[in-house]
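In what follows, structures are represented as structure tokens.
Both complexes shown next keep subunit A, but they swap its partner, so subunit B is in the first and subunit C is in the second.
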Partner chain A sequence: MWSNVQILTGAPVFNVQLLLNGISVGAIFALIAYGLALVWGVTSVKNLSQGDMVMMGGYCGWELSKHGVHPIAAILPVAAFMFVFGWIIYRLVIRRVIQLDLFTSLLATFGLAITIQQSLNHIFGPEVRTLRSGLATISLFHGKVDITEIRLVAVALCILVAAAMIVFLRYSRMGQAIRATAQDPRAARVLGVDTDRVYSLTFSINAALCGAAGVLIAMVWVIQPFYGIAYSVRAFVIVTAAGLGNFSAVIVTALFLGVIEQYSGFVAGAQFQQATIVGLLLAILIVRRLALLRHRKALQ
Partner chain B sequence: MSGRSLGFHLALLAAGVAAPFVLPAHAVQFAVFWIMVLFALTWDTMGGQMGYNSLGNILFFGLGMYICALTQVGIVYNIAEYTAANGAIHIDFTNRQYFEGLALGVVFAAFGAMVVAAALSWALFGLRGPYFAIGTLGAAIAAAELTSAWDWVGGGQGIAMPVFPGGPGMRERFFYFACMAAAVACYLFLRWLYRTRFSLAINAIRDDEDKAEALGLHTGRYKMVAWSISAFFLGIAGALFGNMTGFVEPLETAYPTLTFGIYMVAMTLLGGKGTLWGPVIGATLFYTLRELTWTYLLGWQYIALGVLIMVNVIYFQQGIMGWVRSRRPAWFGVKVDEGRPPAAGARAAGAAGE
Partner chain C sequence: MRKRISSTAQAVAAAGALAALGALPLQAMADDVIQLGSAISITGKYSQEGKNASDGYNFALKKLNDAGGVKVGGKEYKLEVKYYDDESTPARTAQLLERLIGQDDIKFVLGPYGSGPTKAAAPVTEKYKIPMVEAEGASRSLFTQNYKYLFAALSTSEQYLSPVIDLAAELAEKEGKKPGDLTIAMSFENDPFSLDVRAGVVDRAKHYGMKIVVDDKMPRDLSDISATLTKIKALKPDIIVFSGHTKGATTATRQMKEMGVNAPVVAMTHCESADLVGKFGAAAEGILCPTQWAETLKYQDPLFGTAMDYYKAFLAAHPEYKQVPYQVAQASAVIQIYADAFQRAGSLDPQKVRDALAATDLDTFYGHIKFSPEGNNISKPMVLRQIQNGKYVVVAPTKYAADPVVFPRKVSM
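Showing the complex of A and B:
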């Protein structure tokens, strides 16, 4: 463990490698966390099946590429398919739990998560899969730092999607309706916003984002039916740390988390990656709690 | 306890004692049944009575299992050598060593889990509602990963448990009665607890935590104690379950977040949360269904579990006890005013029960 730290201080080039890797995975985390924050903010449903929808998107891409579609070209049809899937799930499950208490919605989406991951396991089997994009690897610093082109494509696509989302939410009529519903659903309803449509659209958009992220993950990394929960936990850590309703903070936190994960994986070993994330969550919570304690003392 | 209630409890107890002798082939299944009852009861203390829905209570089960295993091995062998040999060391315990180790292990497991719960509660009870659920879920997943990365306790390979001295039938019966004793003790303790001021306090936290605090309840302390009670019994259950399986391993046996960890919640919700008997009924129904149908579902069982959870929380939220209560409020000591139409009375009683 200590020797790994010495490598980092002795050869600063490795830091560049870790930073690049971290930012490229962080960009994909940002996409997932963005969708989660959107649904969370608008419908107040905390979607625990987020990571499993990502995996589902990955498997859809895998299925398409078996039929000769290039993975990058598969992103759009997968996103469209997941949009429809999200709409169906909204009709069947989410719509009925929005009005109920928060734990109900959490548990319902947890049931959904189990259903999705087990169905994937049943259909595609438990093997780890990856998608070949066929893109080259770029070497920097005389071959000391490698970055695959697909990671660059992933970052570019994430930026594109995030920008499109921001423009959509800010300037389109529907985007305005979504933001209005997030602020106050009752007032929005009174002013003529069809909140049911807003909810269904928000959840469908989230599913489409998850689908796109899933195909990217299948190209950059690997997919497996049971890896979904790890992405759900990451997305929750990001949104909890960034706070709700602050989308640029979500993106920055996601990039930060990606980098931290790479560093902890390099220094302590890959088996501690998840534990690092949860440790980070606990640390954030404890810091918040201490801040709250100080606040209370100040009030007294 | 009134005469009728006492008779009912004694009849159940007699059935429980007779079960492993009537159907000796299923003794292990019956033992797991008592563990399930204990799971549902301890989950309900938090989720039903206090309104803090934990998705990571399985943490204490695994913790108890590991503490007990390490105690049992540690009083005779060097743990590092034992786990490094990965079961190659032939374990030869005398009867006395075995039972002393087991007794000590169960005690350590119970109090160890309790201490960890108290420590964790400081960090996690800053969270409320769904945040708490996710925080505890994360803690359970992290515990599984840390354990499988820690070579001293056997890592992902796990620990082979000492072999029970005595004949093959003895072992099953011994652990059956141990599990039954743990579950019955848990039931009796909670039955007593739910009649004290303590239950009023945790119900107040469930109904409105801010108001409870404003009225002068030390909510933090109550939450810590309630979680520690859950952890205490879960630690015992883990210690017994580890010995019953004979092999302790982090992901499938000790911290099965997606099976046992979810069963706890599903069983309690099925039976009706916030009641004493709801979790017991839910556990009985769920476990019976599971044992009868599981092997015939051919890989669809976990999909069915997910669907069951969704249907349960969306369409049948009050659970079996809640449903019975809204249909027959008189059984629960709720008086229905005869002057009003029965439907409205039933609804009012149901609302009062929630």
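Showing the complex of A and C:
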């Protein structure tokens, strides 16, 4: 473990590699977490099928590429398809559980997760699949640092989506309605906001983001019908650590955790990568709780 | 009521007639037939693999019986198998073995498919002191229980990647280097199978005094191994070893290419099930992959001839197969092991056959068979194949290899 730290101090160039990888990993997770935070904040439904919608997006991209569509060109149509899928799911399932208690909505989205997994397994089979972006690897520092262009595409897409969402939420009429609904659905309804439309739009946007992330994941890593859960868990960790209602914090947290994961994998070994992330979440929650207690004491 | 009586009467009459008619031939058949029994997966998640195994059993049986069967104590016997479907569930395997031994009076058992069902079957055969020879359960844990009646034709999981270390040592010596100077970077998934594989690698590395510089364990959920690969890149090891089922093989091959990571020797399990060549083409070149058996090996025996003869004969008999999976070949070898043991035992007493099995020292088209006291086959090495020009070519052990290994591994970055 100590010898691994010595590599980093002895050859600082490897820090660049870890940072680049960490940021690109974080960017993909940011896309997924962003959608989750949006749905969570606006509808207060915790979508347990988040990762499975990501896998579904990946398989849609895989299916398109079988018909000759380049995977990168597939991102947009898949996002559009998933937008429609999200809208249908909202009409069929989410709408009915939004007003109900937490456990009903958890159960509903959990059921959705299982349905998506099994359908993917049934349609596409259990094999591990990948997509080839055909993009090259950029080599820096005499081959000591390598970064694939597809990861840069992921980072660019993450920035683009984040910027678009911020502009949309802040300046468009619908964005304002979404924010109003997130703050207080009843008050928003009283003021004439069609909250049902807000909810369905939010859920559809989330599904579209998942779809885009899924195609990226098929190009950067692998997809398999049952691998969605890992992405659900990570998205929950990011949103919980970032806190609700703060969308730029979600992105910063996702990138930060991506980098931390790389460093812990390098220094302590791959077996500690996820443990570090979850440990960090625990620490954040404890610190936040302590801060909250202090705040309450001050109020008394 | 009347109908029932009449049907009962008919049944009795039929049975009587059958007994009268068939007494002689039945008696004769029972006399010169050795009944084997197996609970194998005909339905359920292992149905494909179960079919492979039973096809292998049946193919060897037919060949053996056509060649005159086995001679036990001066008398010729034919072999026959009684199958039950274990539905791919270990609990059912155990029940069916109770039935095979308890009700059907089977004295010799052929293994089921998979480590799980084999684990369930072994305590039953052990209880009744009935020998079981299996070829489809590779888990190391089967051979740490001190079973006396369990024998396995295949190599166990800890042998999957240890030949890589032997090969690397051999190559180093050829270049005038000391094997002890080599460094190994490895990453294994955190599951029983992969950790078995890891134990074998660690054991061989210790034997040569090689240094393990990276020893990561991948969680099941991990989809990105770039942190491990960055470390490997920094340390420039001589040998890189991965095992993490199809996901591990896919991720490792993709990210090694993306990050420009390479070593003179690169090996991983599950190359074929992950379809590395189909997924990554040139990036998969030079990777070493273990397999239990390959048709290009120079093994042979009097019954089947060479491994290639077996391969061709099986494909001729089973045109539905495109190639012969090793699961088929090792099942056939089990029949040969039994035939050999019956002949040497000179008796059909399960205890005597068991002792003969324990003393097996047999050349087959599948490889040499010799059991350790725990029952696993210690003399057949795992075979290493290397991906050369998109094909899997046997390169080690060098004694049986068809082609030379491409060393050091080169890959177009």
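Methods note: the second predicted complex is superposed on the first by the 284 of 300 C-alpha atoms of A that agree within 3 Å, B and C clash if a C-alpha of one lies under 4 Å from a C-alpha of the other, contacts with A are read in each partner's own complex, and residues count from 1 in each chain.
In the analysis below, contacts are C-beta pairs under 8 Å (C-beta built on N, C-alpha and C of every residue); 3 or more make two chains touch, one makes a residue touch a chain.
Since the model is a prediction, treat every value here as computed from it, not as a measurement.
S.K.: Looking at A:A156, would you say it contacts subunit B, subunit C, both, or neither? Reply first, second, both or neither.
M.R.: After superposing on A, A:A156 lies clear of both subunit B and subunit C.
S.K.: Touching A:Q17, do we find subunit B (first), subunit C (second), both, or neither?
M.R.: The second partner, subunit C, only.
S.K.: For A:V25, using the defined touch cut-off, is the partner it touches subunit B, subunit C, both, or neither? Pick first, second, both or neither.
M.R.: In the superposition, A:V25 touches subunit C alone.
S.K.: With the two complexes superposed on chain A, say which partner A:G265 touches: subunit B (first), subunit C (second), both, or neither.
M.R.: In the superposed model, A:G265 contacts subunit C only, not subunit B.
S.K.: Would you sort A:W221 into first (subunit B), second (subunit C), both or neither based on which partner it touches?
M.R.: second
S.K.: What is the contact status of A:D146 with respect to subunit B (first) and subunit C (second): first, second, both, or neither?
M.R.: The answer is second: A:D146 touches subunit C but not subunit B.
S.K.: Applying the touch criterion given at the start, work out whether A:I138 contacts subunit B, subunit C, both or neither, answering first, second, both or neither.
M.R.: The answer is neither, since A:I138 touches no partner chain.
S.K.: Just checking: does A:E127 make contact with subunit B only, subunit C only, both, or neither of them? Give me first, second, both or neither.
M.R.: second
S.K.: So in the superposed three-chain picture, is A:A187 touching just subunit B, just subunit C, both, or none of them (first/second/both/neither)?
M.R.: Neither partner.
S.K.: Kindly list the residues of subunit A that each of subunit B and subunit C touches, one partner per complex.
M.R.: 229, 233, 269, 271, 274
S.K.: Enumerate the contact residues on subunit A facing subunit C in the complex.
M.R.: 4, 7, 11, 14, 17-18, 21, 25, 127-128, 130, 132, 137, 139, 143-144, 146, 148, 217, 220-222, 224, 227, 229-230, 233, 261-266, 269-271, 273-274
S.K.: Using the touch definition up top, name the residues of subunit B that touch subunit A in the complex.
M.R.: 53, 55, 123-124, 126-127, 129-131, 133-135, 137-139, 141-142, 145-146, 148-149, 258, 262, 265, 269, 299-300, 302-303, 305-310, 312-315, 317
S.K.: Can you list the subunit A residues touching subunit B in their complex?
M.R.: Against subunit B, subunit A makes touches at 46, 48, 93, 96-97, 100, 102-108, 110-116, 118-119, 121-122, 229, 233, 236-237, 240, 269, 271-272, 274-275, 277-279, 281-282, 285-286, 288-289, 292.
S.K.: Per the contact definition, I'd like the list of subunit C residues that touch subunit A in the complex.
M.R.: Counting only subunit C, the residues touching subunit A are 187, 190, 215-219, 221-228, 230-231, 233-235, 246-247, 250-251, 254, 257-260, 274-275, 279-280, 413.
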